[in-house]
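In what follows, chain A forms one complex with chain B and a second complex with chain C.
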Partner chain A sequence: MNALTLPSPLRALLRAVLLALFAFAIFGPLLNLFLWAFAERWYFPSKLPLEYGLTFWYRVFQPRGNALASLGTSVWIAVLTVFLSLAVAVPAGYALARLKLPWRSAILLVFLLPQAVPNLPVYVNIAQVFYQIGLNGTIVGVVLVHASHGLVLAVWIASAAFASVDVSLEEAARNLGASAWTCFRTVTLPIAAPGLIASAIFVFLESLDEFTGTYFVGVPDVTTLPLLMFNASMGGNYQIASITALLLLIPSIGFMLVVERFLKADVLAMVGR
Partner chain B sequence: MNGQTSAPRWHGLALAAPALTVVGVFFIAPLAMSAVVAFRDKAGGFTLEHFSKAFDLYTTDLLFTLAIVLLSTVLIGVLAIAIAGYLTLGENPRAVALLRWLYRWPLFIPFVVAGQVMRTFLAKNGMLNHVLIGTGLIEPLSAQSLLDWRGIVVAFVWKQAPFVTLLLAGAMASLESQHIEAARNLGARRVRVLLDIVLPQVRGTLLVGLVLSFVTMLSVLSVPLMINPNSPTMVTVDVAYRINTFADYAVANALCLLSLLLAAGGAWFYLRHAASKAVT
Partner chain C sequence: MIATDRLKANPSYLSIEALTVAYGATRVLDRVSLGVERGEMIALLGSSGCGKTTLLRAIAGFVRPESGTIRVGGKDITHLPPEARETAMMFQSYALWPHMNVADNIAYGLRMRGWTKAAMAARVADMLKLLQLDGFGPRPVTQLSGGQRQRVALGRALAIDPHLLLLDEPMSNLDYKVRLELRHELRALQQRISITAVYVTHDREEALTLSDRIAVIDAGRIVQVGAPEEIFHRPTSAFVAGFMGADNAIDVTQRDDGTLLAAGGGPGARVRAHFRSDSARLETGSTPSSGPDLVLSGTIEQAVYIGQGYRYRVRTPGGDVWVHAPDRVPEGTPACVVVPRQAVLLFPPEPPDSATTSAMRPAA
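== the complex of A and B ==
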């Protein structure tokens, strides 16, 4: 063993204390949010809410409430973003993985930019252009902004998924007389499907959680859940903000729990390439 | 490669074209527009007036932004090395498993939610102060709100450190364990093994994670808006203010270009290190 001076009970204690501190750093903020979501009244200087209840939950979930409408808007935008992103990213990913491409490195650079450059200038100017052509405050405008960012992830993951399909399987299908399209449809696509589903989940989550682009392009008519949460929080309504934040946490944490099934080494190795 | 189909080159280009168009029209064109608008005066001529105005009004905020993002990046790096290092070299399997389960909860939590979470947690009446008072670490009267630059840094580190740790722990796990074991058998302490043997081999992954985090944090609007909207604040808040209050796209774009410059600094740092790594 190494020459640490601490005896082992002390080391065990130190380890336990450090882990407890770390657990507090991770869960303390989340617990605070959770308390706010169920607090009826909570004033300074009381440590815990004075009264718990579900009044604000009823208010959030009332049939004609803003929150349900925002949730609907958010999910609808995210679904459209996934369709648009995958519709253009799957062919592009296939081309990057399998076909000869002229200017390959320039194309890779284009698909790197949206993740590698601060997005604020893009949102600012796109909002100005969209305002002039009447796309500001429309679902289409927000979907286009989300997709231009999300499809980059989709291209990377789709390309990794196609690259991991064994070429000999495709050759076997072609030798048996399948056309290129049949071969893609019946061999390549099913094998690459898990990777494509992973990229769809990524794009969906990214769109669901997106704030800055929607903040500039969505105003005044498109209120997604993150914007609703932000407005409630800035208006001082911590209960509504915390409840909507909890709604946003469900998919994020759900994905975190299963992420290793999707984030295999081949995808992680792509990061930063 | 043999497996590549014999399709002509334009097939690939045709397949990539729709995606390239979307990125080109809705990302690269607006980005280029930023450079045009920032340098154009009302008559359409070239001017540096918007930049001098941006510097007049927001020099403090530019420095504030750089300081916050740099400090956050350093803290994220230190935490990621410590956590990933313990996950790789830790001897107590239970502690390793617990840490592995713990560290990634904030991984996919959106910035806007992290902002809201920290807004309540770090407030004067937040849970952090109550716990500090309850454990006798601070006096009730000395409790203070951390919702200033410290709050932004905490929110950034809380949200981004798991991401860099995930990348780093993955890279460390794929290292050959023989070197590590050999060093341990020779009696090297774990900290030495981590810093001298493990870390140099995963430096590239660490840098990629940190540069991506640096760039991401530079363009986050929600966290500074929610935690510290008053001056001095981050440039993103100033950009939103110029646009929402004055519809002043020129100065907003000048500020955007300046933050792009900061990001380019990060990228340059990465490329320099990547190059020096390739040489050695």
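== the complex of A and C ==
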């Protein structure tokens, strides 16, 4: 009897075990996070926390706790990053989608480069340059670093979103009296909007989670939530680290649900074209 | 030039002179000249890639011509941007904006012209009534059927009261039955509001039923312009004859007295005879006396049932010809194809190397 013809109860059992392993791999760390967020005391030999409570939540959310301040900084940086990325991605994406540029695919590839090169040496170099021109430790510096990452997603998705707008829709507008700009404003942009919103969300989440670049360029003056989490866990305060991690999860999960509705198949089909 | 002088003396409403359009080294339109009178519907007929759509897009301003002029009502619009031309185009895909409802689609051109809300609403209502779409205003265009979309696209184009209505194969995405219906509706509407219209199609039946005149285009040139009856019955070239359905082409001999013989049947000049398979008749009995008609004898190679009868491929010494007949005749039967003299269109014989009539010719 070979593996393919296992009797059905055995096959069901095998499937259940595999599923459980998968679930554990994915949700196990999350569960640990939850336990730590509500653990008051948890020492080495115990398998589970000795005491549960909300003391650390209180500490995180108290007015002089810096968790809320760094949450504010994180969101502010993410919003600025989104604006900067879209300011570049909308015209660039439109040009890449519409104009017959000779190096189209090469240009798209260039935007991928920051992802291909190992991050650490790049950020060390950026930090050095930023230090010389006084951008180290500033919000602007951090936003620039985040945008270099966010632009990949933004430009790729924006150009896909514009490519999925049929040219004849624009021609119809021009034909009925719209100038090139009015046509873009009233036809192209509204139709491409779902794709652009999706790319904005990706950039926002990417910025919110970003650690390495912020660490090299922002510290010590700019403290974002991931940096706070890092400091807390380095200091052995797993409760604070877990609570910040949970806070970071909220926008991620919320936006993922939204993105799923905005990114339609016709846009996805155009990615990288 | 005489032609130019005539145009200047009595200019057409839409007048195109020596228009040349090139994509890179390929000439898509080669010195095309055409006049369309006010209130006239002209069909641009040709196979795909012949340049008919390019001509339409040049009139709309989407294609920049290399040389030549386009005038509407005496005004040179050759170098105006599309939005300044007062032409309204109906696209093959309809190009309705999916983020707007029916009313907003129709009102778009009016909004661009700064109409008030009340005036726009009244105009949209008029259009919906004209196109029998009453009450469809608030519907999203994505929920309409093909025929309804086509009407909305027409309404959107007509709402601005354009100088020219440009139609780019607007029926090609519809079912055959809907197409027949809308064809007559469109023609009636065009005549009622007497709008000047240019209609691009590759469907000869559509061109014949819809238009006042037809311009047949082949390889970037207009090869014949005329009323549908004229184009159909008196094509001036073998290409037009073939395109208008004279699908049989065979070399024959013309004697000095004008009568026609199968090739090699006697002394005379070699000519190319074109005729429609439904204008010839199939004789399976004794060989009919020749008289003035063209008689081609051969054997039946293939029979195809076509509903009203059969379509036969008859192998003759000069080549295969198709003929329609009401009755079933078995393959292999010796038969004669008799073509009435007035149904035969004669053209000079084809030079041996010009098999590709409609292929793109190099720029002259």
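The rule is simple: the second predicted complex is superposed on the first by the 244 of 273 C-alpha atoms of A that agree within 3 Å, B and C clash if a C-alpha of one lies under 4 Å from a C-alpha of the other, contacts with A are read in each partner's own complex, and residues count from 1 in each chain.
Simple rule for what comes next: a contact is a pair of C-beta atoms (placed from the backbone, for glycine too) under 8 Å apart; a residue touches a chain by one contact, two chains touch by 3 or more.
Everything numeric in this text was worked out from a predicted model, so none of it was measured.
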Clash or fit (per the criteria above) of chain B with chain C on chain A: fit
First, second, both or neither for A:V140, with chain B first and chain C second: neither
First (chain B), second (chain C), both or neither touched by A:L19: first
Chain B versus chain C as contact partner of A:A173, first or second or both or neither: second
Which partner, chain B or chain C, touches more chain A residues: B
Touching partner for A:L54 - first (chain B), second (chain C), both, neither: neither
First (chain B), second (chain C), both or neither touched by A:L30: first
Partner chain(s) touched by A:T182 [first = chain B, second = chain C, both, neither]: second
Touching partner for A:I191 - first (chain B), second (chain C), both, neither: second
Shortest span in Å between Cα atoms of chain B and of chain C, once chain A is used as the common reference: 8
Doubly contacted chain A residues - partners chain C and chain B: 168, 171
Complex contact set, residues of chain B against chain A: 1-5, 7, 9, 11-13, 15-16, 18-28, 30-31, 33-34, 37, 92, 95, 98-99, 102-113, 115-121, 124-128, 130-131, 134, 140, 158, 166-167, 170, 174, 184, 187-190, 205, 208-209, 211-212, 215, 218-222, 225-226, 236, 239-240, 243, 249, 252-253, 256-257, 259-260, 263, 267
Contact set on chain A toward chain C in their complex: 166, 168-169, 171-179, 182, 186-187, 190-191
Chain A - residues contacting chain B, complex: 2-4, 15, 19, 22-33, 35-36, 44-45, 47, 84, 87-89, 91-92, 94-96, 98-102, 107, 110-111, 113-129, 144-145, 147-149, 151-152, 155, 167-168, 170-171, 180, 205, 209-212, 215-216, 226, 229-230, 233-234, 238, 241-242, 245, 248-249, 252-253, 255-256, 259, 263, 265, 268, 271-272
Residues of chain C that touch chain A when the two form their complex: 60-62, 81-83, 85, 87-89, 91-93, 95-99, 108-109, 112-113, 156-157, 160
